[in-house]
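The structure follows.
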Amino acid sequence: MNKNGPLALVFHTLFIVFMVAPLAVVVWVAFTPLGYLQVPTTQWSLRWFYAIFENEGFIESFWLSLALGIASASLALACAVPAALALARYSFKARGFLVGLFLSPLVIPSVVLGIAFLRFLTQLNITGTFFGMALCHAVFVMPFVLRLALASITGMDRSAEQAAVSLGATHGTTFRRVTLPMILPGLVGGWVLAFITSFDELTVTIFISSPSTTTLPVRLFNHITQTTTPIVASISAVIIFLSVAAILILDRLYGLDRLLVGSKR
Amino acid sequence: MSGVLQRKAGIPYWLSLPGVMLFGVMLFTPLIMTFMLSFYTFDFYEGIERAFNLGNYADVLSDSYFYEIFLRTFGYGLSTTVLAVLLGVPEAYILNRMHSRWRAIFLLAIIGPLLISVVVRTLGWMILLGNQGLLNQILIGSGLTSTPFTFIYTDFGVIVALTHVLIPFMVVSVWAVLQRLDPQTENAAVSLGASQFTVFFRVVVPQAIPGILSGSLIVFSLATSAFATPAMIGGRRLKVASTTIYDEFLNTLDWPLGAAIAMILLVAIMTVIMSYNRLVERRYAQVFQ
Amino acid sequence: MSFLNLQEISKSFGGFVAVDQFNLEVDKGEFVSLLGPSGCGKTTTLQMIAGFLDPSHGQIMVGGEDLTARPANQRNIGIVFQSYALFPHLTAAQNVAFGLEMRKATQGERQEKIDRALDLVHLSAFRDRYPKQLSGGQQQRVALARAIVIEPTILLLDEPMSNLDAKLREDMQLELRSIQEKLGITTILVTHDQNEAMALSDRIAVMNEGRIVQVGKPHEIYEDPANVFVSSFLGKNNLLAVEVEDISGSKASVRFNGQSLTVPCREGVTNKEAWLSIRPEKVQLTDKGSGLLEGQIKTRVFFGNHWLYQIETASGEFLVYSQNTAVPNTAPRDAVGLNWQADDARLLNMDAS
């Protein structure tokens, strides 16, 4: 292994500082005792963390985002698994088109998706409903689930299925007892990635949420653009803690680079 | 026999059906409806009226106000891409040369933020860049300046924050390519008398070009369609295409005009992606299979 | 009546004929290898016996029953795959149990059979390990146990040794053969490794381009190859272009280098020009001027149990193996004679078929 020179290490250090500083500063500010966004230097306080629990709006939004993430990731998974089986195992005329279709939410700007969903939900009169939002989220998280499902299906040794059949298993049993357990890690990874994407999403959701169904990122965004109380920092800090936990678990289980290289646009 | 074949030929379609239905109803239909919406007319008193005319497009394409917005949008996209290449490529190279244990940790620090909400990441930059922000405190405290610099609500602030949000994509796509390179090519160059810098620019960068190109495409298209970062750091004064669309839809309520701007943004980004892809394919098809 | 009977089996994919009118009869308990280069159709044949591919033509009969249209999961055929194809989420014992579960065996019967199968492959101590925790050789034993525990009518082995290193491969070959003989199970091995095929099989079917070229006992095929393809696929050989003077029965009189020789000859050699094939280990180095051919030593390489010589002759390069019995008194550039027994040479057609 080649060694990096001193100049390279200085560059690298600055780069890492650049990457981490904005997140670190948010966590730092969250501990301020003051009433505005200012880094505390002498005094620390958990005041703004307690404030979260008194803010029903944020608590409600948190639960909504959680439910929305679970619903949309599950719906996307239910559509992606059979589709991935078709795309990985069969060569058929519409194959190329379908791959393009299912991955298209990655190349369509989020704002465009947002107004398209708004237009459509308005027509059906289901704007701001959980059901409508879950359907929309399922569309744009689908590519993440599909990619990982495709990768694990194409990556699996098909002779294991032949072995099961030769031992007397029916096609149904083979899928349930052999195929599904073998591709399960990929499916779980895809589901988690989809959940996080849905949970974090702002640009699409801001168009289709209503005052009574405001997700956490949307409420945070609205709050930030209107006021500057440090509660936005303490909530952000909580989001950072949860995300870091998820990142560490995902990295332990799958390797974050494998999960994200080429799996997020 | 033919019955069996036909049944078999239908299987992939049946399997894809749930996904196709979801996308047909929830993506294709909404996009078509939005496309049609862009031809409707809007009147402040009458509301939206179904029609078919090119008025909205004419309004957008003939107004210097919108020109400025699109120019700014693509200016941000281009600057962010250039910054991401200048910073991300050397970093990917340095990462690739690290011991794998260190690399794993730093890679986590670089691509982990992709899984943290953009709103949170941009909030960090608001705090850092504000007039009372950490950066100004440091600058004043160290005596470099006595009056605070204005970072927030400036092009500079937006571009720096966008670069931070999107640079992980560049590092990851370049690193993915570097990882597959034969490390002996560098040693070969050194044995032939090349210096460290020559090795980087003459041996590493040319081989990393596919990664740089795909990373640039991702960064550019995400930067031009970004919403949260320009909205939070650029504010009302530095409007880009997506924040303009947001205002048309949720403040002015002129949906048809907003839809027309969205369609123009969509077509512009698609054109860039496709021509870029074609260029890349033609230019590099022979070298990189 | 043979036990496994493959009658006129053909398989084509689109316009490409992978297997062409394949005929083979295998007796109960016999071990037969399908040997050939990659793409010769041996794996396709195996897949048709297993039921993973439908033959375009022909019939597969086992014990007098026609299996051609029977689904793969009702054929009761055990298979050891090249990749082993173990179920990674199941332990060694659970892998072995899978086929028994499909047969709805009772708990007690299942346990007993699993124990016996794992014992047979010496893996009883590893029953609760997952495939990832086992070495390549151990994984292969699990795959073998899983295939035989269902007491299959036929055992199919698809290049089972190709992922093992050379030393382990030899041990496994001996063990596989002893297990097969102990169980008396009819076995088909697909391989491209002629040594493996010769070491394990009762008979070998040599395949090329979708057809069987020759079927026979390993020793027969090696000693008496049907054509140049078989003779060069099974070991090395030297080919000498000769002129055929006369053929009577299984003897032919040929002429080369100004001398005549009477050699064994297979049926079907008709042309005036033919190859005389001589195995390197059947050639002796003699003094200059006293052999059938004259040459000069080009290189000499030591292989432990034998020496390999490359000899330049007027009729092309010759390979000679000579036993390592004493320090040789020859050196590169020496002029030598080459000699062999007329009965050790074989006359073969010039064209491959």
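The chains carry the letters A, B and C, assigned in the order they are written, with residues numbered from 1 in each.
Please note the rule applied: a residue touches a chain if its C-beta (ideal position, glycine included) is under 8 Å from a C-beta of that chain, and two chains touch if they have at least 3 such contacts.
Fair warning: this is a prediction, and the values are worked out from it, not measured in the lab.
**Student:** Just to be sure I understand the contacts, which chains border both subunit C and subunit B?
**Tutor:** Neighbours common to subunit B and subunit C are A.
**Student:** Please identify the chain with the largest separation between its CA centroid and the CA centroid of subunit A.
**Tutor:** C
**Student:** Whose C-alpha centre lies nearest the centre of all protein C-alpha atoms?
**Tutor:** Smallest centre-to-centre distance to the global C-alpha mean: chain A.
**Student:** Determine which of the two chain pairs, A-C or A-B, is joined by the larger number of C-beta pairs in contact.
**Tutor:** A-B
**Student:** Where the centres are mean C-alpha positions, what is the separation of subunit B from subunit C, in Å?
**Tutor:** From the centre of subunit B to the centre of subunit C is 58 Å.
**Student:** I'd like to verify one number: the distance from the centre of subunit A to the centre of subunit C, where each centre is the average of its C-alpha atoms, in whole angstrom.
**Tutor:** 54
**Student:** Which whole number of Å gives the spacing of the CA centres of subunit A and subunit B?
**Tutor:** It comes to 17 Å between the two C-alpha centres.
**Student:** Of all residues in subunit C, which touch subunit A in the complex?
**Tutor:** Against subunit A, the touching part of subunit C is residues 50-52, 72-79, 81-83, 85-89, 98-99, 102-103, 143, 146-147, 150.
**Student:** Taking the complex as given, what residues does subunit B use to touch subunit A?
**Tutor:** That would be residues 9, 11-13, 15-20, 22-23, 25-27, 29-31, 33-34, 37, 87, 90-91, 94-95, 97-99, 104, 106-128, 130, 132, 134, 137, 161, 164, 167-169, 172-173, 175-176, 183, 186, 196, 218, 221-222, 224-225, 227-228, 231-232, 241-242, 245-246, 249-250, 255, 258-259, 262-263, 265-266, 269-270, 273 of subunit B.
**Student:** Name, in rising order, each residue of subunit A that touches subunit B in their complex.
**Tutor:** Touch list, subunit A to subunit B: 1-5, 8-9, 11-12, 15-16, 18-26, 29, 37-39, 75, 78-80, 82-83, 85-87, 89-90, 92, 94-95, 98, 101-102, 104-105, 107-113, 115-120, 123, 135-136, 138-139, 142, 146, 196, 199-200, 202-203, 206-207, 217, 220-221, 224-225, 232-233, 236, 239-240, 243-244, 246-248, 250-251, 256-257, 260-262, 264-265.
**Student:** Taking the touch rule as given, give the residues of subunit A at its contact with subunit C in the complex, in rising order.
**Tutor:** 157, 159-160, 162-170, 173, 177-178, 181-182, 184
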